[in-house]
Amino acid sequence: MQVIERGRGIGIGLIGSGFMGRAHALAFRNVGGVFPLAVQPRLEILADTPEQRAIEAATSFGFARATGDWTELVRDPAIDLVAITTPNRLHAPIALAAIEAGKHVYCEKPLATTLADAIAMEGAAKAAGIVTMVGFNYLKNPIIDTAREIVRSGEIGEITGFRGIHAEDFMADPEAQFSWRCEPEQAGGALADIGSHILSMARSLLGEVESVCGRLDTIHGERPLPDGSRRAVGVDDQANMLVRFAGRPFTASISASWLASGRDMQLAFEISGTRGALSFTQERFNELRFYKTGQPTGRKGFTTINAGPAHGDYAAFCPAPGHQIGFNDLKTIEVRRLLDAVAGKAPSDADFGDALMITRVMEAVRLSSQRQRWVALSEIDGALSSRSQ
Amino acid sequence: MQVIERGRGIGIGLIGSGFMGRAHALAFRNVGGVFPLAVQPRLEILADTPEQRAIEAATSFGFARATGDWTELVRDPAIDLVAITTPNRLHAPIALAAIEAGKHVYCEKPLATTLADAIAMEGAAKAAGIVTMVGFNYLKNPIIDTAREIVRSGEIGEITGFRGIHAEDFMADPEAQFSWRCEPEQAGGALADIGSHILSMARSLLGEVESVCGRLDTIHGERPLPDGSRRAVGVDDQANMLVRFAGRPFTASISASWLASGRDMQLAFEISGTRGALSFTQERFNELRFYKTGQPTGRKGFTTINAGPAHGDYAAFCPAPGHQIGFNDLKTIEVRRLLDAVAGKAPSDADFGDALMITRVMEAVRLSSQRQRWVALSEIDGALSSRSQ
Amino acid sequence: MQVIERGRGIGIGLIGSGFMGRAHALAFRNVGGVFPLAVQPRLEILADTPEQRAIEAATSFGFARATGDWTELVRDPAIDLVAITTPNRLHAPIALAAIEAGKHVYCEKPLATTLADAIAMEGAAKAAGIVTMVGFNYLKNPIIDTAREIVRSGEIGEITGFRGIHAEDFMADPEAQFSWRCEPEQAGGALADIGSHILSMARSLLGEVESVCGRLDTIHGERPLPDGSRRAVGVDDQANMLVRFAGRPFTASISASWLASGRDMQLAFEISGTRGALSFTQERFNELRFYKTGQPTGRKGFTTINAGPAHGDYAAFCPAPGHQIGFNDLKTIEVRRLLDAVAGKAPSDADFGDALMITRVMEAVRLSSQRQRWVALSEIDGALSSRSQ
Amino acid sequence: MQVIERGRGIGIGLIGSGFMGRAHALAFRNVGGVFPLAVQPRLEILADTPEQRAIEAATSFGFARATGDWTELVRDPAIDLVAITTPNRLHAPIALAAIEAGKHVYCEKPLATTLADAIAMEGAAKAAGIVTMVGFNYLKNPIIDTAREIVRSGEIGEITGFRGIHAEDFMADPEAQFSWRCEPEQAGGALADIGSHILSMARSLLGEVESVCGRLDTIHGERPLPDGSRRAVGVDDQANMLVRFAGRPFTASISASWLASGRDMQLAFEISGTRGALSFTQERFNELRFYKTGQPTGRKGFTTINAGPAHGDYAAFCPAPGHQIGFNDLKTIEVRRLLDAVAGKAPSDADFGDALMITRVMEAVRLSSQRQRWVALSEIDGALSSRSQ
């Protein structure tokens, strides 16, 4: 009988224990069993308010300690990496404090509630040389890795079109309650909340955005509060955009809506090339519809590929095709890439710089909607370049 | 044994015998067996060039006479209705001549190759009081009739979103040959050729367009000629549009592309309302995906409805659900509505006025793309109003 | 202007004007416009009872004469071909009379209500040397022609499995009324009524049946009559079969049910080979799902092929892929093959001999269900061989 | 800052570290973060041969100790529960030893390689009063929990039909190598290996099997060995069955094949009732197609339900619908139910008794195939009842 020795590992401090806090915790627990890691994560401290909530979450998720004060967590010497899953407006102060304390930072999207904050955070992280990761988890899907390879390798020829959407229906009912998602100061709105996912997906496939022409609509101008009164909604319910990418000859059509009745998770796109096409929806995210020209006469059509060991990180979860990974597994892949970046094995594939680019695009869409004209990303760069002065 | 007496019926003159000419001929032959008609069509004259082609087509389609000269057909006293399936640039002269001769006119889309021609045709038809029909056949689909009823009745609540596309791939290969479709004078381009279908579909569901912001892209700037030389393409390969409809609170996203590799006939849309949604694609045009809020907990989802006798004109083709109608049957429905209009039973549901509205929208999209800004349809109305002076 | 001369053509006498009578009439009207024919059909006499119904149908379908007495039709010298769409129990007497009169016969399925009748009809037709066709229309689907070619050419290797079903729900409600379909003397029952379709489909793909092991279930033993009383059901609601085909190494699984709630037209199969597979459902009968081994790593999957001009007779209806044919078009193809057989261009692909083979298989299934054991088709051959003595 | 106290928990000994060993390890690691547990599992010992492999697996999965000798693990006082993921022939000796040592047992399917062993294991477990669980993980799917509720509650009326399959293609190539799966002594064959899944699924929905009529086919009689020689295959490639369930009025059709080219994981069924139907495939196991009679005219169809918090244990993984769980999550649910059973909170829902019933059904299918007739389960009961004497 051999007793297994374990290293100290990397100390994880998790702030927040809601939907995303739980997903982070599960991923940190699970990742070592799924992937061979250079360093194992150690679940050190969980912070939430009130403290009792933190204690309960720490107990069930397996953290060693709990606190009601996130500043305590950020300062703790046992912590190497701070994971932020708090309300959006706290992202900036916590991240900046963590960076100042020399911790690596894993932050849920959106990076910040203002472009200025996002710029500050990106600058601070770069200056400190710490590793960052932002939770654009849908990009971690193994079959999306394959989609990216297909696009980049030229397997479907030159790309000539892209049409994408992120549609859900959780605000489709005009009587759905007013929440933080309805406040611009909280980075609410369909564009920020879910549009950021399809924009980051498009960017990961097609490269940087060059210009946009967008239109934001607030269809339901008021929503009820718990006390029965109504409050004006300050954000968009829906965003429709024409988007140009640097060096690409076509205009993409991209939409986001949280009014799309019947849709739970339609993060979907179709990308066309001169020699093929890809069609994907997160509703069936273990599938990729693939078309390649040159099929024999009478055998033309889209092929439905099931995710399997041939695709990205799938094999780490299951050696057999068609068994499928789940949403939480996407988060496990994200955490693996984060830990690899911390270990210096590979750069972060979704760092604060990437998140800042998405923030800029959204800012450009808002400006375009106000001015009712096309806006180049370089118009937004004014704000960016001012930071380096 | 009873001998069946038949009336003289309505004399049909068909000009053109290609894809659409044949579809018209089949529809005129078939319609009397499918629908109870006030007057039966009589296949009188088929015109095409050269005359030999007309003779062969008349023989196989069942026309009584054939000619190589369409003016002869238009003038013939046995002709009551002229069906035009010629190259687009002939639509205007033939239609105007037919109207002048007092014939009813059934014209394939696009109505004309210029807005001025379209205006002239619409004006002449109205002045002459003849019946017109333009071949937006996809609107005749029985399940689309149901979709319209669902939208109009409020069954899915107030409409809050629309996303539509018409994508095919017949020009996806950069080496696909230059053809009349590549010439603006022939009303070529993805917007005119197929975008007109999704625009007419959107209009039939949502009403008149108010303003547009569009972008036309010519991805493949040159295409080969049969002799191996290359010719510059003067039309769009792809059109992406943001569209506002009169009295609607949302922005629609509409696209057209003939570069969409792998797509044979993706004329598709999703329409969202506060209490439900519809999703449709011509690729499976005997199906409608229908969502309605209020399903019991745990039973929420889109229902896939198969076309059946409960939907529009389906029952005329088959008394059992799920048996499916085909493309040519859509044309038969179109001809039935045309003949009903001629018989005075119901107005034409796609007359020159309707086609003119689509022509105006496309004109607005072109202007918007040139000026890179939103264009109101009323800006196009200048041209329209000038005709009445 | 050229006047088109027309030959006398082949005189059609149609008996019955219900669902199938109408489908026959439409097909005869339409077929000459769709296909180049050696001889055109001439709609001569329509028979139905009462005569008034025949007159109305003849008027709307375009027949020259009408009668209430089918024997008059069968004897008429202007009739070359008799099409039978009457209740099943009349198939045998009408067909035998028509054969005796030297007419070609086109008969709806089932061929007869007893095996003995089917044997007699097949024998008489063969002896008379007339052309016969039985209405297994689903086999005429262009994409099914492609499926057959794929199976026969070895494109998917040696066939190793087949699983098929025909499921509908028109009797799913235990309170669905008793009708002729519930009477064995009318050749009622799920096996005969719809099971015959999947059996003929399987046979057309795999060849002759060798032995069967089946089980027939009558789930709802009584059904209501219009007067509110209840009558015992004498036929099966459901048939499940294990089937062996001559020279094939595998056992097929085939089912038929008219209790399949929610199913309008699930005539479906999957056929597996050592190098590929096909999956089909009549619910989307313009599609064929096709799998072929040897796809590149990570690109494996079923390809959804849309019916197009590359498949069988599709091109005669439409030159563009993805436009789709409908149920009535299947009947048009059937009539075209019938007329080609009459013209001596090709043998009938579904003659009385083919229908007799299906009748024998159903007889074997019934015997197997009674005896609760496997039954070889050769056991049924006793009845067959007795006829030639 | 609060330090979290943890109890001793339940000591887990895992034997085997392949596909299933890994899945067990992940589930034990993960389960405490997902579900609130009465007692937490403690990853105590991992056994595999050679020992080095055990050490590596223990290190990556997080076990405290490793051994090359499973008997050591079984005897270890720190072990409360033994998880068996070894080759099938070791299931019986290990399980019997573990039961003798008073440990709870979690065993992968198939329970044993012979019916006699299965009977002995079931008897020993019952006598010892320990908790058992067998790995029919597909039954743990939250949407399958919903399917069961729908069937049991009568929501779709009286059940009138069932058609099921488990098809994969990993042996479709005739040149796929001979392996333990080709040996009957290893409980190989399509029926045992994958057919057991669809049989257990059917049983969980419909209750106990009463009689069967099956046919096993060995299509590829020889397969190559690594050295290039060929060895005769002693098991079935394909099983097709007619199945009757106690108290059910219909015959089910159930198939299993590992020759189904193109299929990765088609564990699929359709269940029909007098007032609705369910259709499911493991290929999209976060979806359930649901049909209910009584929809308004023209709105009839199957509804595609996405798994969400309203379904079974889904909410424990994710609070939002449509996000999807993965294969490993099914295993986590299984382990949760195992640990709840150990804690006395609920009985095991797939114990050795359940697995024995499936073993009996498979034995009856084999007997039926040999004798080419129906076999009642009571014929197999002879063997069972002998044990209690």
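We call the chains A, B, C and D, going by the order they appear; numbering starts again at 1 in every chain.
Here is the rule we use: a contact is a pair of C-beta atoms (placed from the backbone, for glycine too) under 8 Å apart; a residue touches a chain by one contact, two chains touch by 3 or more.
What you are looking at is a predicted structure, and each value in this text was computed from that prediction instead of being measured.
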With centres defined as the mean of Cα atoms, the chain at greatest distance from subunit A is chain C
Consider the two chain pairs A-B and A-C; indicate the one with the greater count of contacting C-beta pairs.
-> A-B
Between subunit A and subunit B, what's the gap in Å when you average each chain's C-alpha atoms?
-> 42
Counting in whole Å, what is the centre-to-centre distance of subunit A and subunit D, each centre being its mean C-alpha position?
-> 35
Between subunit A and subunit C, what is the separation of their C-alpha centroids in Å?
-> 55
Of all residues in subunit B, the ones touching two or more other chains | 263, 300-302, 306, 308, 321
Where on subunit C does subunit D make contact in their complex?
-> 156-158, 160-161, 163, 165, 167, 169, 172-174, 213, 215, 217, 219, 237-238, 240, 242, 249-253, 255, 257, 259-263, 270, 272-277, 291, 293, 300-302, 372-374
Subunit B residues within the subunit C interface of the complex = 1-4, 6, 19, 22-23, 25-26, 29-30, 32-34, 36, 45, 51, 54-55, 58-67, 72, 76, 168, 263-265, 282-286, 306, 308, 317-329
In the complex with subunit B, residue positions of subunit D that touch it = 146, 290, 292, 295, 297-306, 308, 310-311, 321
